[in-house]
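When the chains are written out, they are named A, B, C and D in that same order, and each has its own residue count from 1.
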Amino acid sequence: MTNRHLALLVGAALGLTLAAPAIGRAQTPPAKAPDPDARAKAIADVVAANHILANQGVVDGFGHVSMRDPTDPTKFLMARSVAPELVTAADVLVHDLDGNTPPPAGVKLYLERFIHAEIYRSRPDVNAIVHCHSPSLIPFGVTGVALRPLYHMSAFLAGGVPVFDIHKAAGGATDMLVRTPELGRALAKTLGTHPVALMRGHGAVVVARDIPQVVFRSVYTEQNAQLQRQAMALGPKVIYLDPDEAKKAEESLDGPLSRAWELWLRKVKQP
Amino acid sequence: MTNRHLALLVGAALGLTLAAPAIGRAQTPPAKAPDPDARAKAIADVVAANHILANQGVVDGFGHVSMRDPTDPTKFLMARSVAPELVTAADVLVHDLDGNTPPPAGVKLYLERFIHAEIYRSRPDVNAIVHCHSPSLIPFGVTGVALRPLYHMSAFLAGGVPVFDIHKAAGGATDMLVRTPELGRALAKTLGTHPVALMRGHGAVVVARDIPQVVFRSVYTEQNAQLQRQAMALGPKVIYLDPDEAKKAEESLDGPLSRAWELWLRKVKQP
Amino acid sequence: MTNRHLALLVGAALGLTLAAPAIGRAQTPPAKAPDPDARAKAIADVVAANHILANQGVVDGFGHVSMRDPTDPTKFLMARSVAPELVTAADVLVHDLDGNTPPPAGVKLYLERFIHAEIYRSRPDVNAIVHCHSPSLIPFGVTGVALRPLYHMSAFLAGGVPVFDIHKAAGGATDMLVRTPELGRALAKTLGTHPVALMRGHGAVVVARDIPQVVFRSVYTEQNAQLQRQAMALGPKVIYLDPDEAKKAEESLDGPLSRAWELWLRKVKQP
Amino acid sequence: MTNRHLALLVGAALGLTLAAPAIGRAQTPPAKAPDPDARAKAIADVVAANHILANQGVVDGFGHVSMRDPTDPTKFLMARSVAPELVTAADVLVHDLDGNTPPPAGVKLYLERFIHAEIYRSRPDVNAIVHCHSPSLIPFGVTGVALRPLYHMSAFLAGGVPVFDIHKAAGGATDMLVRTPELGRALAKTLGTHPVALMRGHGAVVVARDIPQVVFRSVYTEQNAQLQRQAMALGPKVIYLDPDEAKKAEESLDGPLSRAWELWLRKVKQP
């Protein structure tokens, strides 16, 4: 399967980057000239993010992480259907925003690739997406208790964390999976301009500018949920970051972010 | 002891598969023709399941997992009395549905083999059983708080999780162990057609179509219990999967199940 | 230091076993004839118990485990002052019941050796003792909430778990350490005939017939505390084992105990 | 970068120790004569402390630990901006109490070095400082619930644990970081003569006489917080150490401290 994947990837890289339109990047830095190494680097980042999120307890056998194709903003890179911890570069496939790219023969795609496709379509500022069943987020998604930042590491949550209820979006009972473009669009609509949305009875989606940031946000959203649950049990009144603090703190997170990424990467590298 | 076990197993495989009756498989796929490799494959699966359940925190020094003998539905395969993490193929013995198969000399059987024997007898749809002291299930078993699915991974719990009280079943105090056919039958009766039953002051029993499914259900029953306990502490009202959602979600779990199994298996394989 | 320790041990073994009185073993199986290998085996068990308790989270840098000397019931074997995880056979010293055995030059003893000395003196049925700061026990020791067995693995707790308050025992403030024979006797008195006593603001002491049993009891006392705390938070009424169940369940624990010991031992052996 | 760091360190060691003033050590033991090996030993301790605190869960990708320069009390040793688990001796830089020491080219300093600088200035008794986002401390910092010692291992908390609110200190919203000398002084003022101060919505600062003590205090402050949260949920009334007990217990901790340090050090050493 490895060779077949590589062939697909090489073909896609050669064929698609030539035609890569510049749409939808209005809010992102100007696209760099197509770089033959950019996609290989992106694939390596997707692989690392999968391993890090497993190592950090954000994903288990399920969940997926994607990155907008740096050589073509109408595509994104995501593994075939496989547990995040086991993802290798050969598993990473190019997906289009319709989620319809045919997989290599015998390869299964994540059923919920439409989460990624539709958010990339509606959020030109987003270049990396995580879908996870991060354990501490589940209780918040089913109780209506608002997830709020109680320390500076999760300041990015200050604008609110909407909850997507698929029952309402679908107008009836589903299998809880975002398995169609329509449901993907409904989730994207609930997400709006936020960095995180919870999915009732399911998990969450986290979006960011790039792979290190989406990993950082995933890890600290999980941790904030855990600490908020503890704080709410400890005392009757919890002081959250005020909006101004949160805004300033979030701006300050960019520097330290690479410090965490460097550590997390080291933890998943083979010795 | 290894040689003696192997001799027993080989003898059993040769002798019993010829006479394997077709009873009790009405609700399962039609039995395949006796396959000389089928039992060896089954034993390997039982060993893997033991290791995975230990690795995932479902069992500690105690608990056991069994599989209906693929070459004879009136038998099942389960280890001698040993900690799950230490089970090897040579430890796996053929048990009959009376729990009376004499063990090799010097070998002790699990006292509670009647849990397995009687459930296999009463549930022809069941081909794999886990008995465990899964930690997050204990509090549910002793408080009367109903375990209910709060996310799609544990949708299989939606039909309810009965609690077996051995005191009532035995009509008086016991040592809490299901150590007789009568107690096994009482537990099987409490289980009914459900996939999981809690055992008050003891643990739980989980049943399924096959080994990967029983491992999956064991892992996510434990996780649902942990998250439900947290959710109930977090907010006054927890939204569980509604019956239609749960039914649809459960049907959708079959595909992803192999993804988790592949990961779990990798985690317990020696490098 | 190794040689000096060995010399001490050899000398003690030669000298003391000849005079070993048969006192205080009334409730234990009849003493075997002095066995030149018995003490070496005992020392190995003490070392293993230290490593297992660290591996199982019952002790951290602190806590200690001892065994009555099989060749002399008026002595016990316990490490010099060192973290349990680091104990080697050369660290294990012979202590007398006054806690006054002079240590080899440059060697420090555990300040709280009087816990062990006085319990061995007052409890002839006890041949192994653990003192620990087992984390889940601390909250029970400071709240007055009774620790009670909620499942069969901790049935041995059914007779009640007394709490030792050193402030009352000493008639005033202490440094919380049982650092004198008087305080050791007061603790032994609080323990009475129980297998476990909590120590307010400090930890616990666990006693048993032998090393595997004291390790088993230590592990499952910690786990019962954790699960009881969760159960009490989950529902208004927790069903504990009734006295008859507990008695019968406790009697049944002896068989499975070796299964857990075998596993725990394997986990701490170097590969 | 290694060579450049080493050059800086060697230069600093040669140049600065000659001019090392004796100020601010009034409450500490008399300074030893400048020892050419003292700084190398100190740097090794700073590296070990970083690794231990990561291993013990007190720091993750963030947090820092410093030590007053043993050859010059107006300086302190702390890593460049890097995750604690990754710190090597070559990363440790000499900082002055203004936090203004220019870093080697291309090297970034911790933004919050002023926490350390200003506490060393105001607390001559302090020779080691940890800043961390120790998880169990966050809920105490945002609820106003007082952190109090419930067992003897954390007796040093008995004098009270003040909470630093940067919003009040700065007279308005900040990015939550102590990134100026002024904020460092405000934090030092809140800390006063205490060993620990919480930082609302951020983490904590822990100070001590030396590196082993500051690590010990960091580990057991985290653990006390975890156990206090559990105790408060378990029962309506928690008994804390009384002031006399705490005083005596704290004095007794010095001996055992080296036992924990020896263990923690072993855990982070490569085999």
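Rule of thumb we're sticking to: a contact is a pair of C-beta atoms (placed from the backbone, for glycine too) under 8 Å apart; a residue touches a chain by one contact, two chains touch by 3 or more.
Please read all numbers here as calculations on a predicted model, not as lab measurements.
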| item | value |
| --- | --- |
| Same vs different contact residues, chain B with chain C, by half of numbers used | different |
| Euclidean distance of C-alpha centroids - chain B vs chain D, Å | 50 |
| Rounded Å distance, chain A centre to chain B centre (Cα mean) | 35 |
| Junction residues of chain D, two or more chains touched | 233 |
| Overall pattern in which the protein chains touch one another (line/ring/star/complete/other) | ring |
| Touching residues on chain B, where the partner in the complex is chain A | 150-153, 155, 223, 226-227, 230-231, 233-242, 244-245, 248-249, 251-252, 255-256, 259-260, 262-264, 266 |
| Residues of chain C touching chain D in the complex | 60-62, 81-83, 85-86, 108, 111, 133, 135-136, 138-145, 167, 172-177, 200-203, 229, 232-233 |
